[in-house]
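Below: one structure in structure tokens.
By letter and in written order, the chains are A, B, C, D and E; residue numbering begins at 1 in each of them.
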């Protein structure tokens, strides 16, 4: 059986009962959830910095860290922790900060590991610098280096790249994934960035209001949110409420406002039952009225109400009898000549519609 | 003449000479730049917290704040400042923090303004809470409320939304834009998020290594970077170096590795001169070998080398004789059946190629 | 204190050398029963300190010094009239050792030169009259050199006595008045140093400028036979020129 | 037991602590935050009362505040009573003598307050005084407690200066410290011990109460 | 001028300060970070030496460390020389007497260290001792300076305890404080003034140097 991290935590908002596999070839679990969901609290409980109320339980790979009131001291857990607010030692230089946890090593080895960690965190150029005066992003990367340097048994990263600009972040993301994958260090990583979750995570745990709402492979959770809360948390733009009209051949027909959508049958639905249909905006394709034939697709006539540039994409707000959001590339937007008021067809593959039964 | 903020600052890495218009109907200037570029340093100099070396000059709308060694005290500048590290007063509650700058007002007014600011920052639910124990994103929004509450003459926001999850951030962005636009408060806003710059900013200043590399309307700077540094900073994925082969009819033909690209003529180019061709990944469309005719387009045969999911998009790495990156939607990826090794055509409209003369 | 006509309800404050503590407490008690309504507040302390305080306006009516020259000094500085200076006692010196000490007081000051005695306490001769007396007695006994490394100095004579009483000093050369005090009486043995072995410790006092009549009355009482009797009981000789 | 002396000591120590806290906060704030170089001189001067033996300091204060001095005369003329050998004189002397115990810990604590919070306060338009009162002081509670405790305890136990300036007048300037001292000097060890134990117990109660109030919400090692 | 006394005082004050800093740091750390309730009692007890008049404290120390006490006898037998009336006795007495001046400011400063930094240290596997030495102490420099300054200055000026335990033996236990006191008591105001001025100047130099070293990099108000 693969080693696991088992958690049973009640503390502040947190109420969690969780078991995470820690395979060396898929070591990164991403914690995702809205601000205030309890992500930092969870990391602190795992680290041993907060004392969850009994009956608490933290077990890493068979080693009991917390059982009721008995707790292994934080400093004996062998953890690397990047704090959300960095918590660098202001009176030490960058190198001393990174080397702080490296005790009992020959000096040359310490120096080599420090340099390696700084390089892994993309801040080799900061070696020798004082800590006071570091910029926000610099401090964050030094804190990352400090957490990596100790070669921990478990790595806790609380928003490791949030203070970085996009190019630096993208560059570091690839490097970090390589470091984590090659060392196989079990990692809990908090992020608010979907791209980061996708690029760095093997598994995703969605925490809302202190409870685990869903866990599973990253891509799956993003595309198949189990609850409306998860859908909101992972940023599914379209959550439409409807009623089951009919079921046939593994497909369900759902009445939504004036129209209808066809979706794969998740099972357990009854005709007339209420469901939520979730569609990611990037799965909504737009085409001009000239129709094309294709595989099982939902096609809805819609009017463009607004176009908002958003990073590399354009966010197109539609009125299709119900509000609908689509992401298109700028190229597509120009090809389609989209402006507010344009009449288009919104096309959604049946497979991209995800149904959540609503109680 | 519209009121302006004139800056002439030399401090730490910063070496800036800048004049920003402050029209009430376009009040937000976004500072963009890589980590360590000097964005925070610039805000601190404007706020009067750092003392730039003479000959320094900070003038807001005709009022001299800094001229050589003469400096108006920070507390007399009437500034609202959201610090990158929040700097909430830990011993005061949320409300007391927000109300801290509201002196000389009747109590009811103070309370109303505090509540309003908390609502504007999306944290009305935190009223009455202690500051210790706030989550990262909660603290950031309370700090935002504190900066807004004083109705400042100039608002300095250092990454106001960086600690927030995507849905909260998107929601708050719209609200914040409304607050800023309706009050017309001149604002300098630091962000690393392109979408945030686009959604909140009227003007963009790109700072790299302490120097202003470009300024102008947000969309324009993003799509027409003036220097390779700006291109990198704003996240232009493809910066290809080439030579001018010929110029004709407002178009330039640029030799790039094995192929050639056609681009609008920015003027001032000589045949044989070295240029950088910048193309945003989202402007690279992909199609299968079956060609279609179209308007002036660049078409290059390429092989897919890697596909990385990145947020709502898939990032496709190509080898077209030179490395090339494209963003496609998941829908397109499936339609095209892209896998590593697929042979495709990369299509780039001439208008999407931006040339930077290279010295 | 403001001068007030003699009578009842009068309070007088006395600054007295600390070696007078037990004698004066008793004398005051008697005086107060004889002078109905007069209340005497005594502050005991170092004679030298009192001079400094009186010079700076301390509200004392009567000053009883361990050294009459200090009282005379105040009179010269117009803090009192010269005719108000009076001697009230002559101090006596003893060698004192705690029960079980290695020192034998019966051998006198010279006996302190023995090797068995390692520490001898005296008051600081720089400013305490009894310290000066002890130093002179040591010189007279010719054991200056032998005692040189053995001396520890108390801030005043009471502290010197404490060193000896606690056994940390093997012996002390202190005032007889202290040796007779309740604290030391039963704790050790002593022998008196002959009066001719050291310059006379002439204790004198002065009624200070602006003092009420009662202060004069108290001074008179101390020099009266009754007063002298009480002082004698506590180990003081009468002042030179007075009846024994 | 000399209850008058006990009462006087408590009154003197409380008044001294109060005066010191009110006076030392602005002084400590000025010293902690001033940019001027020469303030280190003032810092050092504040500590100087400590290096003189109390009796000697007391002697100089006696001269400086006594009838012969301009200060003493001015005080007498203004208030009608002398400064030395009165409660007011004791108070002045105690305040001067304990000044370092109040100023130094406050300065140390003030210097430890996160600079970013000061900046936040300035930016929000608050004055230096308001910043000290509303941000610096609340965050320096341990230093404030230390200043109060050291000032109070030191004033309770001090007797050299008080003896010199006050004159040890029963009921007026005899503090409990002098009273114990007197007991020891007259070999009345039983009274000395009784008074000492009372003093210690009383102080223990005051200190434990102070610390217990202060302790709430401090940092702590994680439990093993 | 009594140069022997000056030398002795400097030696005593330096030794006391050194012993106190070494001993007070762990004590202060324990008190500042302990979660246990009853440590407030220890906190209060540490401050108690202050509330006894020095001479009385000295008297009790004389009894406790003297030949009549087990401690004193044990010391004599072990080292061959008594504890009282020697430099070692002075050192013990001074250390006990100045303990609150070292422990209290350190505790206050320790309590002000950002808890998150302690957590960072624990997480990185460092022991409590290492955390105190490498994180808490460097960040408590103002408190350390205050502790050192108060201990040093107080030991220089103290004479009640030292006189009692040391016996004022010229060249061996007569400190400069006692020497000034003696001068004042014997009306030798000229010598007293000379010695006082020397003491003050010397202390001023030491303090200014200490503060100047400490000052670098502290916070400051923004310039107007």
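The rule is short, and it goes like this: a residue touches a chain if its C-beta (ideal position, glycine included) is under 8 Å from a C-beta of that chain, and two chains touch if they have at least 3 such contacts.
This structure is a prediction, so every number in the text was calculated from the model and none was measured.
The set of chains in contact with chain A as well as chain D comprises B, E.
Graph distance from chain A to chain C, where chains that touch are one step apart, equals 2. Remark: chain B and chain D have CA centroids separated by 56 Å (rounded to whole angstrom). One simple way to say how far apart two chains are is to compare their mean CA positions; for chain C and chain D this gives 35 Å. One inter-chain figure worth recording: chain D and chain E are separated by 18 Å, centre to centre, where each centre is the mean of the chain's CA atoms. Contact of a single residue of chain C with at least two other chains is seen at positions 49, 52, 159, 162. The set of chain D residues touching two or more other chains comprises 55, 59, 114, 119, 122, 139, 184, 222-223. Each of residues 49, 73-74, 85 in chain A touches at least two other chains. Only residues 12, 32-36, 39-40, 84-85, 133, 135-138, 141, 158-159, 162-170, 192-195, 198-199, 219, 232-233, 235, 280-283, 285, 308-313, 327-331, 334, 349, 352 of chain A touch chain B when the two sit together in their complex. Within the complex formed with chain E, the chain A residues making contact are 47, 49, 73-81, 83, 85, 87-92, 100-101, 103, 146, 150.
Residues 32-35, 40-41, 43-45, 47-48, 50-57, 59-60, 100-101, 104-105, 107-109, 111-115, 118-119, 122, 128, 139-140, 142-143, 145-146, 149-150, 153-154, 156-160, 177-178, 180-181, 184, 192, 196, 199-200, 203-204, 207-208, 211-212, 215, 218-223 of chain D are the ones touching chain E in the complex.
On chain D, the positions that touch chain B within their shared complex are 114, 116-117, 119-127, 130, 134-135, 138-139.
For chain E in complex with chain C, the touching residues are 55, 59, 62-63, 66-68, 82, 84-85, 163-164, 167-169, 181-187.
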